[in-house]
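Next up is a structure, given as structure tokens.
We just call them A, B, C and D in the order they show up, numbering each chain from 1.
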Amino acid sequence: MFTNFPFFPEQASAQAAQVDGIYFFMVAITAFFSLLIAALVVLFAIKYRRRHKDEVGAAIHGSLALELLWTVIPFMITMVMFAWGVKVFYEMYRPPAGAMEVYVVGKQWMWKAQHMDGLREINELHVPIGRPVKLIMGSEDVLHSFYIPAFRVKADVIPGRYNVLWFTATKPGRYHLFCAEYCGTNHSGMIGWVYAMEPTEFQAWLGGGTASDTPAAAGEKLFQSQGCVACHRQGAALQGPLLTSVFGSTVTLQSGATVVADEAYIRESIVNPQAKIVAGFQPIMPTFQGLVTEEQLLQLIAYVKSLSTPGGSGGHGAAPPPGKN
Amino acid sequence: MSAGHVAPKSMYYMVFGALIVGTILTVAAAKVDMGPLNNIVMLAIACTKATLVILFFMHVRWSSRLTWVVAMSGFFWLLILFGIGMTDYMSRGWVPGTLR
Amino acid sequence: MSKGRAQADEYYPGPVHQPPVHIAGTHVEHTHGHHPKLQHHFDTMAQQIEASTLGMWVFLVTEIMFFGGLFMCYLVYRTASPEGFAEASHHLNVTWGAVNTIVLIVSSLTMALGVRAAQTSAPPKTQVAWIVATMALGAAFLGVKAIEYTDKFTHHLVPGPYFKWEGKHPAAAEMFYSLYFCMTGLHALHMVIGLGIMMVIGIMAWRRQFDADYYTPVEVSGLYWHFVDIVWIFLFPLLYLIGGHFTE
Amino acid sequence: METLNYINNGQGLASWLLTKDHKRIALLYLASITFFFFLGGLFAFMIRVELLTPAGDVMTADTYNKMFTMHGVVMVFFFLIPSIPAVLGNFLIPIMIGAKDLAFPRINLLSWYIYVLGGLFTLTAALSGGVDTGWTFYTPYSTAAANSHVITAALGVFITGFSSILTGLNFIVTVHRMRAPGLTWFRLPLFVWAHYATSLIMILGTPVIAITVLLVAAERMLHMGIFDPALGGDPVLFQHLFWFYSHPAVYIMILPAMGVISEIVQAFSRKNIFGYSFIAFSSLAIAIIGFLVWGHHIFVAGQSVYAGMIFSFLSFVVAIPSAIKVFNWTATIYKGSVRLDSPMLYAFGFLGLFTIGGLTGLFLAAMGLDIHMHDTYFVVAHFHYIMVGGAIMGYLGGLHYWWPKITGRLYPEGWAKFAALMVFVGFNLTFFPQFVAGYLGMPRRYHAYPDEFQVLNVASTLGASVLSVGYVLPMVYFLWSIFAGEKSPADPWGAKGLEWETPSPPPTENFYVTPIVTHGTHQYAPSKEVGIV
């Protein structure tokens, strides 16, 4: 019946070893202090047991030296834990440049992923080993949390904004994917598998699928059908800023502040266009909140992004960047 | 100790006058565009008015040190909530590429 | 602390005291001349007064934190969308807000003078007059608030499915009005409770319960009333005045 | 003729339901809290039964979700938070400080009625179909998606909050204003210090959760949009406000238990505490620093990394005062005159389990490790080590220690020792496997789970069965002792403290004559003025 019961999770990503390093250190500290306290308590209880009815203990009130000792030493140990924890967190938090990007949308109760070449997956995620993979994640309804125990990575998926999670898989195999933030009835069914593959196999897998439009191409269609193109194009009396080379650049706003045009900025500019107005433009754009789904938002972002990459699909607005916008 | 101290009526009227002046000032100041200074002026006047009410109308001026400590602790904890809570909101997006 | 404790004739640590003879169902009666308002578990009036005022101050600290949660929301969302909040605030009526501020400040004055009247053993009529004046001003405040709320209802400024906003920041405006109704609504609820308390205090004053030796209930209720005033002192500028120089 | 005490002074239901005596109110709380404890335990039992098999086969997913939600809500708000303060604190604080009652007896009674009203709301929510948001009420699930009785449950929590506030308020004023002559702050029993610190959290934190759950109810009912992402609202702000109270709330549960342990360790070692002022001030330090660490619940929830670092640092700092306490308790036993009566067994259990619980908390404060552990069974195991292994051990230990004082009757010591053993063994068997399951990656709040976690879950359910026996036993012999137990003398343990100076059970006014205090509690050996006090 119980043939499969591991006591330690597989290490299948570059991050896993780092996390396990802190873990083992802290297990050792915990074991040491727990056993120390238990041993002392048992020892004292036996050695100083009450031998006759009226016996009382010694009048010892305390010792400043001991108090300092057991304040300072634990403090220093915890500071090691703190620094180590922050270091690992920070490294796991910053995605490296050039990571392979995948869009992920969580909704009750499934995970939808879309690769940059258009291949879509549900409750599965295929990734190559040895290459950083960056997930840009949004939610269509409530909070979820994308969790791959074997990679030791997790990030909450939050409606209304994006969260990023990245990892480098190291060991080919099939690993659990869980939703870790309670999300309603079928929370425990919002699970799936992550397949880590050799790069060549991964390419073969990508090629074997029936890819729909790439996100950028789908985004371009939306750009037309939603009417974005009416204002965001050359010759439209510059009602809206041209979007060529916007992504990744620093944008100057009407208020004089600057902002880096990343996914979060583009998303906000679509759903809440009045929040940050580019210098030199009128706040006339209507909101697209509710008119486009989370997946379509990501496709629009992919399109805007493609306008900034040299081999991008170009299309409308493919004019030289107008200085600052 | 608050029990026992009877403040003269004239003091109550003076504090009252100051509160009314503060109200007029704050409405007037709001009509002038001073940029971010508006908020500071507005809150400074509100804090002054609140302090007057606490010290004189609520008799803290003549109360035990314990009452001072209790009254201050409420505002101090409020600052903890605001201050530490806002560290999150103020530092979001500081690390590029993470979107948070 | 613990001033004025009666001297006891037994010292701790000591043996278990033998109980005095009891007649079943009766308490040991206080035999010497206490103030009639002294509760049995206090030793002196001073101790009782200190306990009551300290208790009210501790309660006010909880009230500060109670409103504090809402102010935290305000702080976060206004920082996120200062222009949206300014635009939304522009649609509040500064005059009504200012009138209500004045009304509350006057009510604080009448409250303070009401406490003083009890403190100085003024005739019950005088005490009741100040308290009735305070209540009248409190009611006036709520009346103005009712007018403002009605205006918001008719102009579809109540958050929810019927909310309508013609300006540039509909989302932020709806958030602003959510906070507006929560904050002023909670404040108004405190005013209503305050009116209830004042009603009781007024009746007690009418029955000649307060004088220079015993006025703790008036004092403590006054603390509550002033606190509600202080909350409004902050709500008024934060809600009404941030759209003062907003340009369409 | 039987002497008059608080139990026989006044007969009939009305004399109990309208009492202003803090001792009788403590017993009212004891009865209602015991009811909620077994109700919460019933929900826990249902959870454990469902988790025996990987498939979700005993109940539907919705039912399961309601089970763990009701378990959390009932245990946290209706058992753990009021348990020690409202029962033992209520009963003992006035006696320990030599007062006749708490400063506000009527408010004390009111707080019990408010608690009952809040409990009725929660029971209504449970009986009319339950709540499925988790006890955390996270938005936007609770405001927009959940299809259950969120408003009723939220109001139940809101109302009960006021009960907690009033208890804390009463304790603070009482400790400041009602101490017997000669009872200076540094002669106070550590139990009183712990409750003073607890009360600070109750009055400073509870209002924030009150307004937060009220906003959730308003958002659901009136369509206000405080946390609604569509209006620019931030679900993470809800989490900030929620944990601003709910993390310190853990200290509301554990600090009074620490106070109980301080008393028991002294009484059964017949030795005054080692490092009195360090234990006293560490209680205050925990209460204050405990307010600055809430963000460690949301490291991966979208909080900024720099805020996370601040919260992580402060979370490690708040561990130090707890460590100081554990070391001082251990040192107190050194050269004592130790007797292993049942309260001391619970205290030993507390020491071991709290140490493990506290140290595993550090795992979760370490940011890099928390990414993996957040929302797994590791978290579940950790906080049960604190709340069940710490708070309930302390509660049971205290109940055994003061039971002769409260009822004037002795309970059967042999059974009590056996029950303590059952609790300790059952507890470890239940929750230790959950550490392993958590690191393996089993997420919490899962109705069905992959096969490889089954061994650990079966062990856990077995342990829970043992644990439940350990919990039912004391109820049986306590009830038995009321009717048939041997009468207790004023001081059955040979312990020192004001509460042992007055008869068991105490008279209505606690002392026949107001005591005058000349030194601290638990002075067994002739005092030498050496070392630090």
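List of remarks:
We adopt the following convention: a contact is a pair of C-beta atoms (placed from the backbone, for glycine too) under 8 Å apart; a residue touches a chain by one contact, two chains touch by 3 or more.
Remember, it's a predicted structure, so these values are computed and weren't measured experimentally.
The two chains most heavily joined by C-beta contacts are A-D. Rounded to a whole number, the gap between the C-alpha centres of chain C and chain D is 31 angstrom. One finds 40 Å separating the Cα centroids of chain A and chain B. Separation between the centroids of chain A and chain C, computed from CA atoms only, is 46 Å.
Look at where the CA atoms of chain B average out and do the same for chain C: the two points lie 16 Å apart. Among the residues of chain C, those touching two or more other chains are numbered 50, 54, 58, 61, 64-65, 68-69, 72, 76, 80-81, 84, 171. Residues of chain D in contact with at least two other chains: 176, 204, 208, 230, 232-234, 236, 240, 302, 305.
Looking at chain B, residues 66, 73, 77, 81, 85, 89, 93, 95, 98, 100 sit in touch with two or more other chains. Contacts between chains leave no pair untouched here, as each chain touches all the others.
Interface of chain A with chain D (complex): residues 2, 4-9, 18-19, 22-23, 26, 29-30, 33-34, 37-38, 40-41, 44-45, 48-51, 54-64, 66-67, 70-71, 74-75, 78-79, 81-82, 84-93, 108, 141-143, 145, 147, 149-150, 152-156, 158-161, 163, 176, 178-189, 191, 272, 289-290. Contact residues on chain D toward chain B in their complex (touch as defined above): 176, 204, 208, 236, 240, 244, 291-292, 295, 302-307, 310-311. The touching residues of chain C, counted against chain D in their complex, run 1-2, 5-14, 16-20, 22, 24-25, 27-28, 39-41, 43, 47, 50-51, 54-55, 58-59, 61-70, 72-73, 76-77, 80-81, 84, 159-161, 171-172, 174-175, 178-179, 181-182, 186. Within the complex formed with chain A, the residues of chain D that make contact are 56, 61-62, 65, 132-134, 136, 138, 140-141, 144-146, 229-230, 232-236, 269-272, 274-278, 299-302, 305, 308-309, 312-313, 316-317, 319-320, 323-324, 326-328, 330-331, 333-340, 348, 351-352, 355-356, 359-360, 362-363, 365-372, 374-376, 436, 439-441, 443-452, 454-456, 494, 523-528, 530-533.
In the complex of the two chains, the chain A residues touching chain B come out as 93-95, 97, 136, 161-164, 260, 262-264.
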